[in-house]
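After this come two complexes, each holding chain A, first together with chain B and then together with chain C.
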Partner chain A sequence: MDIFLERLFDGVTNGAVYAIMALALVVVFRSTGTINFAQGEMALFTTYLAWWLTTVGLPIWAGALAAGATGFLLGAVVERTLIRPIRRRNDMASLIVALGLFTAFNALAGLLWNSETKPMPSLFPAGLEDFFPVAGARLYWDALGVWLVVLALIAGVFFLFNRTRLGLQMRAVADNAESAALSGVPTGRILMLGWGLAGIVGSLAGVLVTPLSATQLSLTTMFPILIYASAAALFGGLDSPVGAVVGGLAIGVLEALITGYVEFIGGTLPQTAALVVIVLILLFRPTGLFGTRQLERL
Partner chain B sequence: MTPIHVRTGSAAHRGLQIAGLAAAAGALLLGATMEAFRVGQLTNVMIFAIAISGLNLATGYTGLLSIGHSAFFGLGAYTTGVMVVTYGAAPMTTIPLAVLLCAVLGFVVGLPALRIRGLYLALVTLAVGVAFPEVVRRFEDLTGGAAGLVIRSRQLAPPEWTGLTVPQRGIWLYWVSAAALLITLVLVRNLTRSRLGIAMIATRDNEIAAAASGVRLATVKTTVFGLSGAVTGLAGSLFAMYVGALSPDGSFTLLKSIELITGLFLGGAATLFGPVVGAFAVVYLPYFTADLASGHVSGVIFGAVLIAIVFLMPEGIAGVAGRFLGRFIRIAPHENQGERP
Partner chain C sequence: MTLLSVQNLTAGYGQARVLHGVDLTIEEGEAVVVLGANGAGKTTTMRALAGLIGFGGRVEFEGSPLAGLRPDAVVARGVSLVPQGRGTFPHLTVLENLHVGAALRRDKRGIKEDIERWCGVFPVLAERTGQAAGTLSGGEQQMLAVARALMSRPRLLLCDEPSLGLAPKIVAELFGILATINREQGVSLLLVEQNAELALALAGRVYLLEVGRVIASGTAAEFREDETVRRAYLGY
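And then the complex of A and B:
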């Protein structure tokens, strides 16, 4: 029972991180209609930045703030300079640009901070003794911290989308950019803000997950998370923030239970398992759980 | 200046074709006389040209972006590797099996393309590309797992009838690759001019309009993915003979897919010779930047080049060169042939 609970806690913690990353993907998809493959590597870059700031003596929360700010800037600049000019051309062009960014940001992080693995300090107390027992299982403070951040983030995103003028404009642009523009919404600025917001959310995911990750901070830290987050976003429906969170948690818990209990897959095929999920969802329910079906006008 | 007009099938056109072939043959002969290291590099270029030509069929001509072609490359390589090491097959006899397996895998990957497209299809191919190294590691007994698979150079000896010895296997593979590349280019050229080729381009340009004009999207997409996988698998098979040591994390990761995509778009998507031009870039770019900081510089350059092409040169080098040549020589269809669609 206690082993099951611990696996469940692990799953929820990982799932929370996937949910954050999936949220970033969903925000971009809603604003621009594309999946930003580079989201994970942009987050990797800002996480390296946060790590670097801690090595020069700043506390980790300052590093996290700086990572968030850089994430916002990167997202906004990438949208304005690279995505917007080619958006109208076709899917392929924005995918190629995203692949280019993916490669470039990963290599740039390696170039600036070399490819050795780096231990990353946590935002929360993360000692071996920093836990409290729940029915015989250990719930660590840093896991609980991640859960709380996810809750706060979800609340924030919902407040933004449903209760603010900015959120209303974002939804309007996502729904129909031309009508929004005709109604006086500054479409361009809204898209930039959307990408910037996704940048902040992604960076936060990076800073939160690396101290928990077995690999700590290395050049390959974020890619598996991006894969799981894509699976989560697709599972929940690419245009649904609720779906991202539900999908993230579901994938996280499934992953923990499968690696724990299914021997054939075990620890060796985890990404393949997530990807099989992606393919199955795309084949049988392309809109995911909460997504809306897209109509195409001829 | 007005361009010279040449009709297809005329004596002038034949002359141009023969001159082009002669130039290619000359370049190959010249390449064969270089030192062994350079011959190896050129072999690598030709293998990449074949792999990128395969990708070109799906991504360039049919508009199905694949981020998973590293898996076809890998499957081809591992088929040859396993057949040679475990079953003692002669390297050349493993090529048909490698091509066949990759065609089947391509067909299977093409199946989701019937329901989904664009971005979502790219995700499916991404899945295949990421899964391949993990699967290789999982089936350790067959593939050697993470430790890799080593083909001894004795097992890669040229066939006896060539009269070549084991140390001469470099030059043997050079000519095999050249022949394979030539066959690939002829096949791609003929395919893209066939009925299927026109259907491919129509599918890329407007799927709905193509379907309305009687193109069977399902047949076109699955066939193209199968062919595309087969051609890239052929390259993988040759690559196994070229490197002689296979490891899941060495040459068959997502980075390989990104290299192939960069090569394709830099060289020129949907052009016959674009993949050849792109292959030179993909092989020589890391070579010239290798001694700077363990490959990170070439990563940054690859990324920057990919983005730059989209903005500055969407037709790629071959596309731009073709347009430039078009100022001097225009090749028009034969009079009796009627208008091309």
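And then the complex of A and C:
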């Protein structure tokens, strides 16, 4: 029982991180109708920045703030300088630019901070003794912290999209950019803000997940998370924040239980399984469980 | 007073020039219709005026040029386009569509009053405020598109073939509402149509567009008398 609960807790925590990353994908998709495959590597870069700031003596929360701010700037600048000029041409071009960015941010992080694994400090108490017992299982503070951040984020994203002018304008631009412009929405600024906000959310995911990750902070930390997050976003529906969170949690829990109980499954097989899930969803239910819009372009 | 003055308007797509020098004017409070066959360049004219595509020539609205303005800046100046094919936001609710139409406004009270006003004018919308626009019928979507465009409180409303694909009864209702809005709200109207009969009943003046040029213009009454126009556009 207690071992099952602990695996469940682990799964929920990992799932929460996938959910945050999936939220970042959903924010971009809802405001611009594009999937940003470079989201994970942009987060990797800002996470390295947060780590580097702690090595020069800043507390991790200050590093996290700096990562969020940099994530916003990176997202906004990338949209303005790289995505916008080619968007009007065709959608394949956006995908190729995203893949290029993926490589570029990864290489840049490697160049600035080399490829050695870094121990990443946690935002929450993360010692071996920092837990409290729940029904005979240990619930660690850093896991609980991640859960709370996810709850706060989904509330924030929901509020943004459904209760604010900016959120409504983002949805309008994603739905019909031309009519949004004809209604007086400054579409360029809205897209830039959408990418910026996703940059903040992604950076947060990076800073939260690396201390929990077995690999700590390395150049490959974010890639599997992006795969799981993409599967989560597709599973839940690309335009649905709730779907992203449900999808993220489902995948996290499944991953923890399967790797925990099925002995012969190695560490990378779940990623392959996630990719299979992505393909199956695209084939059979392109709007996802909670979504209304399907992926028409990447 | 002249509201919109268009002189020698040229526009096109890539290398292909579609408009070869269009001239037209709209006086304050007028309802003007542009008639023309498919492919004459009516939509291109409207898209140029709304800032969706670049153009050459002189276009002045209330005395100052519109050239080089982005669509949102054109809306801010008081010109609002209902595009061909309606251009609603299918995944947003009717109410949200109307709110997006007020994107440039800050007066919460006024926005609310306008939503009530247009829901009164278009009762089909009042019954469906919470429904996604994509689930409305074609006629309802066209009404929503017009209401959405009116939410910016334009001085000039551009309507690109609002009758397209609608049942005659709905078209008559829509044109009746457009006439009322023009008369009672002081919104000037530039309407593009292939349905000449209805358009002539609504408009005071007419321009006839052919392959990117205005080949005739006059009052609606003159046009109804004109033999060639009757044959080509009215079918009798």
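We adopt the following convention: the second predicted complex is superposed on the first by the 287 of 298 C-alpha atoms of A that agree within 3 Å, B and C clash if a C-alpha of one lies under 4 Å from a C-alpha of the other, contacts with A are read in each partner's own complex, and residues count from 1 in each chain.
Assume a residue touches a chain if its C-beta (ideal position, glycine included) is under 8 Å from a C-beta of that chain, and two chains touch if they have at least 3 such contacts.
Keep in mind the model is a prediction, meaning the values are calculated, not measured.
Of the two partner chains placed by the overlay, only chain B lies in contact with A:L275; chain C stays clear of it. By the document's definition of touching, of the two partners only chain C reaches A:A172; chain B does not.
Looking at the shared chain after the overlay, A:P85 reaches chain B, while chain C stays out of its contact range. Looking at the superposition, the partner that touches the larger set of chain A residues, chain B or chain C, turns out to be B.
When the two complexes are overlaid on their common chain A, residue A:T34 makes contact with chain B while staying clear of chain C.
Touch criterion met: A:S230 reaches chain B, while chain C stays clear of it.
Within the superposed three-chain model, A:T13 lies out of touch with both chain B and chain C [touch as defined at top]. By the touch criterion defined above, A:T259 lies against neither chain B nor chain C after alignment on the C-alpha atoms of chain A. In the superposition on chain A, no chain A position is in contact with chain B in one complex as well as with chain C in the other. Against chain C, the residues of chain A that register as touching in their complex are 165, 168-169, 171-172, 175-176, 178-187, 239, 292-293. Note for the complex: chain B touches chain A at residues 59, 63, 65, 67, 112, 115-116, 118-120, 122-124, 126-128, 130-131, 134-135, 137-138, 208, 255, 258, 261, 265, 293-300, 302-307, 309-311, 314.
Considering their complex, residues 34-35, 82, 85-86, 91-93, 95-97, 99-108, 110-111, 115, 227, 230, 234, 268-272, 275-276, 278-279, 282-283, 286, 296, 298 of chain A touch chain B. Contact residues on chain C toward chain A in their complex (touch as defined above): 50-52, 70-72, 75-76, 80-81, 83, 87-92, 96, 99-101, 103-104, 132, 148-149, 151-152.
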